[in-house]
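In what comes next, subunit A is part of two complexes: it sits with subunit B in the first one and with subunit C in the second one.
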Partner chain A sequence: MFEAVFSQFRSIWRILGHSFSRAETVQYPEQKPYLAPRYRGRIVLTLDPDGEERCVACNLCAVACPVDCIALQQGVREDGRWYPEFFRINFSRCIMCGMCEEACPTYAIQLTPDFEMCEYQRQSMVYEKEHLQIAGTGKYPDYNFYRVSGLKIAGKDKGEALNEASPIDIRSLMP
Partner chain B sequence: MSDGLTMLFGLFVLLGAVGAAAALTWFERRLLGIWQDRYGPNRLGPFGSGQVLADMLKLLTKHDWVPPFADKLVFIFAPTAIVVAMLLGFAVVPFSSSLYIIDLNIGLLFFLGMTSLAVYSVLLGGLASNNKYALLGGLRSAAQMVSYEVFMGLSLIGVVMLTGSFSMRDIVEAQRDGWYCISQFLGLCVFIVAGIAESHRLPFDLPEAEHELTAGFHTEYGGMKFAMFMLGEYLGLMLICCMIVTLFFGGWLGPILPAVVWFVIKVFVLICFFILLRAAIPRPRYDQLMSLGWKYMLPLTLINLVVTGAVALSLAEV
Partner chain C sequence: MVIINIDGQDYQAREGQNILQACLSLGLNLPYFCWHPAMGSIGACRQCAVVQFQNAEDERGRIVMACMTPVTDGARFSLGGDKASTFRRNIVESLMLNHPHDCPVCAEGGECHLQDMTVMVGHRDRRYRGRKNTHRNQYLGPLIHHEMNRCITCYRCTRYYRDYAGGHDLAAMAAHDHIYFGRHTDGVLENEFAGNLVEVCPTGVFTDKTLVQHYTRKWDLQSAPSVCVGCAVGCNTMPGERYGKLKRIHNRFNAEVNGYFLCDRGRFGAGFVNSPQRLDYAAARNADGSYDAIQPDAALKLAAELLQPDNKLAGIGSPRASLESNFLLQQLVGAGNCSPGFSALDHALIPYTLQLLQQSPARIASLQDIESADAVLVLGEDVTNTAPRIALALRQAVRSRAFELAAELKLEPWQDAAVRNLAQNQRSPLDSYLSAESKLDDIARHCIRCNPEQIADHANAIVSALNGGTADSDSASDIARSLLAARRPLIVSGSGAQSAAVLEAAAAIVNALHRVNPATMISLSVPECNSLGAALLSSDVSPSIAALAERAVKGDIDTLVILENDLTRRCSPQTLALLYDNISNIIALDALDTATVSEAALVLPCATFADSEGTLVSSEGRAQRYFPVISTTLDRQPGWYWLLQLGRAARRDDFAELLHFDAVSAACAAHYGQLAAISAAAPLHDFVSHGLKVPRQPHRYSGRTAMRANVSVQEPRQTQDGESPLAYSMEGLNRDQGGLLPFVWSPGWNSNQAVHKFQSEAGGPLRGGSAGVRLLDETTDSSGSPAAKPGLPETGQWLLVPRYRIFGSDELSVRSEVIAELAGEPLLELNAADAASLGLGQDDALCIEGAAAIAVRINDSLPGGCIGFSAGYEATRSLVAGSRVAVSKAVDWASSRSQIISSDGGSRHV
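This part shows the complex of A and B:
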C-alpha cells in the first residue's frame, strides 16, 4: 500500500518535471519534417541521362502493383524504342508501397519524398503521363537502359551495348 | 449586501462560473499538452484560446438528437440536472468576507447535498439512454458515488468539529490562526480523493472510462446535451476546488492582496493540481476503486474523526 502511494507521488512529481521539457511536436504546415530521399511518396516517371524516356512499357509495375492502380499501353517508336502510349496512375488507390519502383527494370518509375497531393475531386487524383513525367533522372543519374540492353535501336546495333559481345553467327562452325 | 446587489452578484457568479468552465476546457488541454511534451490547441486566436469558441459553435450547431429507443423525458432532463446542481453549489461559496450569494448556517450540508444530486444526472442519463454501455457507466457511477459520498461527508466532520459551525464564513474565519490543511491533513487527503471521485474526473472517471465503455453514461448524448454534461463536470471540478480552498486552505485569507484575489489564486493552483493528477495517474480498475474506498479511505476518515474529536474535547476542557 505504501509502495503504491509512493509510486503515485513519484509519477506526479515526474510529470511535473515535464513542465520544463520542450514539446516534441513538429508544427507541420509551417515546420516541415525531414524526409529521406528514399521516402515513398508521389510517383514520377524519369528520363535517362540523354533526355529520352526511360519507361519501356514492360507492364511489370502494373503487375507488381497490389492495388492495380497503374494502367499503361505499350507502343514502339520508329527508332525501335519502346514507350508507353499512355501511362496512368490512380493515386486515390495508390498505397505508396513502392513495389512498382522495385519491379521497374529501367529505373523509370520512382517514388519521391512528396506527399502533399490532396485534391477536392477524386478525379483529380488520376495522374496521366504528362503529370507523372519529370525532366530529370531522379535517384539514378547515370543509368541508361538502352546502353546496356541487347535491344536494337536506331544508332545502336546488336552487340554494341556496354559489356556486350558481338552476336554469334549460328550458321558458322568457326570459333 | 442588499437583495438587488446579491441578485446581481448571483448572476455574475452564474455567468462567471459557466464562462470559466468553458475556458477551463481550453486551459486543461494546454496544460495537459505541456505535461505530455506537446502543445495542445494553439492555432486559433492568442495561444489557441479561440478553440473554446470553435468548440462551442460546433456543439451548438450539432443536431440535437434523441435516440428513438431512449426514455425521452429523462434523457433530456438528465444533463440539466448536473449543471443546475453544480451551479446551486456555488451559492454557498464565500469569495471573500463580504462577497457571497448566501451564508447558510448549513452551508456545508447544502454543498454536500448538491453534489449528491449530481449523481442522479449521471445515473438517469445512463439509465435513460437504453444502451448497455451507458447503463454500465451509470451503474458504476452509482456505486462509486454512493461509496465515496460516505467518507466525503465524514472527512469534513473534523473541520466542522474544530469550527463548531456548518457556515462557510465561520469555517474560513476560524482558520485565521492556522489553515485546516495542517490540523486536518488526513481529512484533506480523503476529501481530495473523494472530490475527484465525486466530480468523476480522471483518474476516477470510471463512469466514462472511454477505453472500455466507449463513453460511459453519455454514449448516446451529442450536441448541447453532451456539452451540458461536460459543463457539469468542469463546474464540479471548480466547485470541489472552491470547497477545498474554503475548508482547508483558509478561503480568502492571505496577506497584502485583496481577499478575492487570494481566493482565485488558491482555486487556480488547486485546479492546476487536479489537472496534474489527470496527466500523471492512470485509471484504477473498478474493484480497486471500491476496495480503496472501503478498506483504506473509510478507516482513515474514522481515525481522523476520532483523533480530532479527542483533541477538540481535551482542548475544550482546559
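This part shows the complex of A and C:
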C-alpha cells in the first residue's frame, strides 16, 4: 500500500522535473535538424567525375525496388555508352528504403538527405530523368564505371580500362 | 533403369544417359557449360566435375567429368563433397580471370549461364591481381552483336555453328590464351541459323543486336507461348514484350518440332509488329480517296450498311491468318463465296498438297522425325529458303550413319567428339533434285540440277526402280537402292517448285516405298504459316481470287471482305483491277498498311500474332495455338474479333452464340471433321495451374508502379484476359503445363538452360506434353487429281523457276527493318552459257516481256533454258513460275548493287 502510493508520487515528481529540462522539439520548418549525408531521402541520379551520365540503364535498381516504383528504358549512345532513354521514379510509391542505391553498380542512383517532398497532386510525385539528374557526383566523387568496365566507348579503347592488358593480336604465336 | 548412388543416396537413372544428364534429370544442380542436350558432350569446360568412387570402401575417389561418364549400375559419386565443389569453384575462378566487369552493360545479364554457375559454385572474390586479356570485337552483321572479352572458351559456338548448323565462317582462332571465336574478318555471318548463337553461347559474347539497341532484361519481359509466322514449319517461340514493343523472339522448346533452335527469319523477322506501318484505327474512305480515322462503333455501323442482308457478299481469306479468322469469314460470306486467298498457282497446288498428305499412307514427318531419317530424297524444294528449320533438321538426319557406326562400337550418341571422329565424312544419303544450288549441297550425295518438269521425270524413274524396274540413270537407281535399304527413308518436297507434277511424283515415290517399308516418311512444304489451315477450310466450291473477279464483273458481288491478305502479292494487276473496279464496297482487315488496304472503303486494324490468339496448321499438319504477348492497344483487335463484330453488325444469328475465342475455335472444330481436334491444341481459357492462370510476367517483373505513371499516377487494374489461360500478371505458377510455357526460369537458373527443369528428363520432352495436336495422322481416301492447272503463258523459250530467299521472299518478315536490310535486291539468275547467248555480263539486266529491268546474276548451277527469279519481291510479282517467256537485255542499266549493310556500317559497338 505504502509502496504503491510512493511510486505514484515518484512518477509525478519525475514528470514535473521534465518541465525544466531542454526541449527536443525543434521549430520545423524554421529550424532544420542535422541530417547525415547517408540519410535516405529524395533520390537523385548523378554524373561521373568526367561529367557524363553515370547511369548505364542496367535495370538493377528497378529490379531491387521492393515497391517496383522505378521504370526505365535502355538505349545506346553514339559513343557506345548505355544510358537510360527515360528514367522514372514514382515517389508516391517509394518507401525510401535505399535498395536501389545498394544495387546500383555505378553509384548513379543515390539517396539524399532531403525528405521535403509534399505535393497537393499525387501526379507531381512522378519524377522523370530531368527531375532526378543532378550536376555532380554526389557522395562518391571518384568512381567511374566505364574506367573499370571492358566495354569500348569513345575515348576509351579495348584494353584501356583499369587492370586491362592491351588487345591481343590474334595472329601472334608468341607465348 | 539402373541405380546410381550420389552422395550416399540411391537414385534411379536411365541407362544411356551421362551422369550430368542424370543429375539434372533428378533435379540436382550440377554446374556445366559445354554440354548441350542437342549437341552432346565433349568435356571441354571441366565444370561438371564430380568425384567417382570405385566401390563402397573407396573413400578417396577420383574426379571425373559428369558429362563424359556414362550411367552404370551401382556407380557411386559425390556431387556435393568438398573435393568436387572446390574443383568446380576453382574452374569458375579461372574462367573469371580475364572476364570483364561488364554485367551491368551486358545484354546477357540476368539470363547469363555464367552468372548462374558462378553463384552456384559460390565463387565471389577475385584473387588474381594480374591484368586481364582483352580482345577486339568483330562486326557480324545487323543481327548479332559480338563482345569477345566475355568468352569462357567452352567451344559451344563453333560446335553449334560448324558441326550442328554446317556453317563455315565462324571458328576458334589463334593460339593458347589468345583464342578467339569469330570470323576470319569482319562481315555478316552467313549461316541461316546464326541467331541461335545468342542462346547457345552461355555468356554475353553473342547477343541479339536488335535487342541490344533497346534492351530489356529477361526479368522485365512479358511473354507468352507463340508460334512463328515466318513459314509453315510452325516453330514454337517465346516473344518478349516491354512498354508495348516486341523486344525479341526466343526459342520455345518443343521436342517434336523445333527443339532448341529457330532460324534467323523466325528469330529476327518479327519486327513488323513494331512497324510504323501498323494500322492503329479503323478508317473510312472519303470520296477523294483519303481516309478518316473513325471510332470502332462508327466503323461497325458503316459495316452493317455494307453487309446488309440483300447485299451479295464475298470474302478473301488468308493463308497467314488464323483458322478462327478464316473460319468466321467463311461463315460470314458463305463457303461458296469465300476464297482461301491463295495465288492462282497455289489455289490448285496447296489443296493438292494437302490432299497428298491426307492420302499418304506414310507418316508426315515432324522435325524430330526428320532428324531420325537415314535416307533423304529432296525433290524440288529449296528448304533452306522456304522452310529453313527443316534444312537444319536434315543436317542432323545425315548423321544417322554416324550414330549407327557409334552403336556398333557401343559409343553413346552424346559422345560427340568420338562419334564425329568415327564417322568422319560418312553420312546417310541425302540426294536432291533441285533447279539450282542449295545450301544443303555440301552434305548431299547426288545434287542433280534440272527444271521442275525434269524433276518429275527423274522421280518417276525412281518409282519404277523402286518397283523393281530399271532406272534410266545411275543416280536414280542409286537413290532407289539407298531408299530401299534405309530403315526410315524420308521424301521431302513441297509447293516451292510451283509444280503439281513434282508433288505427284514425290507422293508416288512415298507410296511405292511405303509398300516395302511402313516406316517411310513424307514432308511436304507449303509457303505460309497457315497455308495448310486455309486449305483445310477450303473445298471444291471455294472460288479462286480470279473466279471472284469474274463474278465481280458480272455484278454478283456487292461487298467484298478481305482478311489479312495483300492481294498484290497474289494475283496480277489485271485481276485486281477487275475486283476493284467492279466492287465499290471493300472491307479490308489487316495489321499492316498494304496496297490492298488502300483500296478499301472501310479498313479495320488487326492485331498480329503478338497481340492476338489463333490456331495455325503447320506443314506437318500440327495445329498449334499462339497467345497474345502484348495486350491489344489503340483500336487494334484480333481478326476473329472484328469478324465476330461484323457478324453481329449484320445481325447474323449464327454469330450470336459465339462470344469468345474458344467458342469460335470449337465451332470451327465442329464444322470440319478434319479440324475436330483443334480445341485441344492448347489449354482453353478456363485452364488454371495450381489455382491460378499462368503468368505472362516473371516473378521479378519490375517497374509496375512506375511504367504508366507518366500517363497517370493512378494505377489501373491489370489487363484482364478472358480469352486465354494466361494472365497479364506475375501471379501464378509457371510449372508443368507443357507447351503452354510463357518463359523459362527456375530458382538458380535464370538463363534459358532452365528449360531442363521443365523437361521430363534433361533434353527430353516437356512435362505436360509437347505443344499442338497432329491433325492428319489418319489416312483419308479423298480421291482426286490436282485441280485444273491454270494455263501458263508460253510466249517465249525461257522457263521461269522461282528462287526463294530466307530473307526477302516472305511477306511479313521482310517488313522488319533488319530483314529488309538483308533482303538485297531482286535478281534474275541464269547460267553463263545462257547469259552469253543473250550477251549478258555480271552487271547487266534483263527485261522480261518488256517489263522493267531486273539485275542479272550469273549462276552456273541453273540448268540451261531456265531463268531463276527472286520470288516474293515486288519487282518479280508479275512473273509466273513455270511459264515460258521472252526476254531482252536491258539497255541503259545502271547497277545499284550496294555492298554494305547501311544501318550501322559495322562501326557501332565494335
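As a working rule, the second predicted complex is superposed on the first by the 167 of 175 C-alpha atoms of A that agree within 3 Å, B and C clash if a C-alpha of one lies under 4 Å from a C-alpha of the other, contacts with A are read in each partner's own complex, and residues count from 1 in each chain.
One rule holds in what follows: a residue touches a chain if its C-beta (ideal position, glycine included) is under 8 Å from a C-beta of that chain, and two chains touch if they have at least 3 such contacts.
Computed from a prediction, not measured in an experiment: that's the story for all the values here.
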Tell me which of subunit B and subunit C touches more residues of subunit A. C
Subunit B versus subunit C as contact partner of A:139, first or second or both or neither: neither
Would you sort A:159 into first (subunit B), second (subunit C), both or neither based on which partner it touches? second
After superposition on the shared chain, which partner residues are touched by A:40: those of subunit B (first), subunit C (second), both, or neither? neither
Once chain A of both complexes is superposed, is A:131 in touch with subunit B (first), subunit C (second), both, or neither? neither
Just to be sure I read the superposition right, which of the two partners does A:167 touch: subunit B = first, subunit C = second, or both, or neither? second
Using the touch definition from the top, say if A:23 reaches subunit B (first), subunit C (second), both or neither. first
So subunit A touches subunit B in one structure and subunit C in the other; where do those two contact lists coincide? none
Subunit A partner, complex, touching residues on subunit B are 33-39, 276-277, 279-281, 296
In the complex, subunit C touches subunit A at residues 100-105, 109-110, 131-137, 147, 149-150, 173-176, 178, 180, 212-217, 219-220, 242-243, 700-707, 709-710, 712-714, 908-910
In their shared complex, subunit C is touched by residues of subunit A numbered 56-60, 62-63, 65, 67-76, 78, 80, 82, 85-86, 88-90, 92-93, 105-106, 122-123, 125-126, 128, 145, 148-152, 158-159, 161, 163-173, 175
Using the touch rule from the top, collect the residues of subunit A that touch subunit B in their complex. 1, 8, 11-12, 14-16, 18-19, 21-25, 27
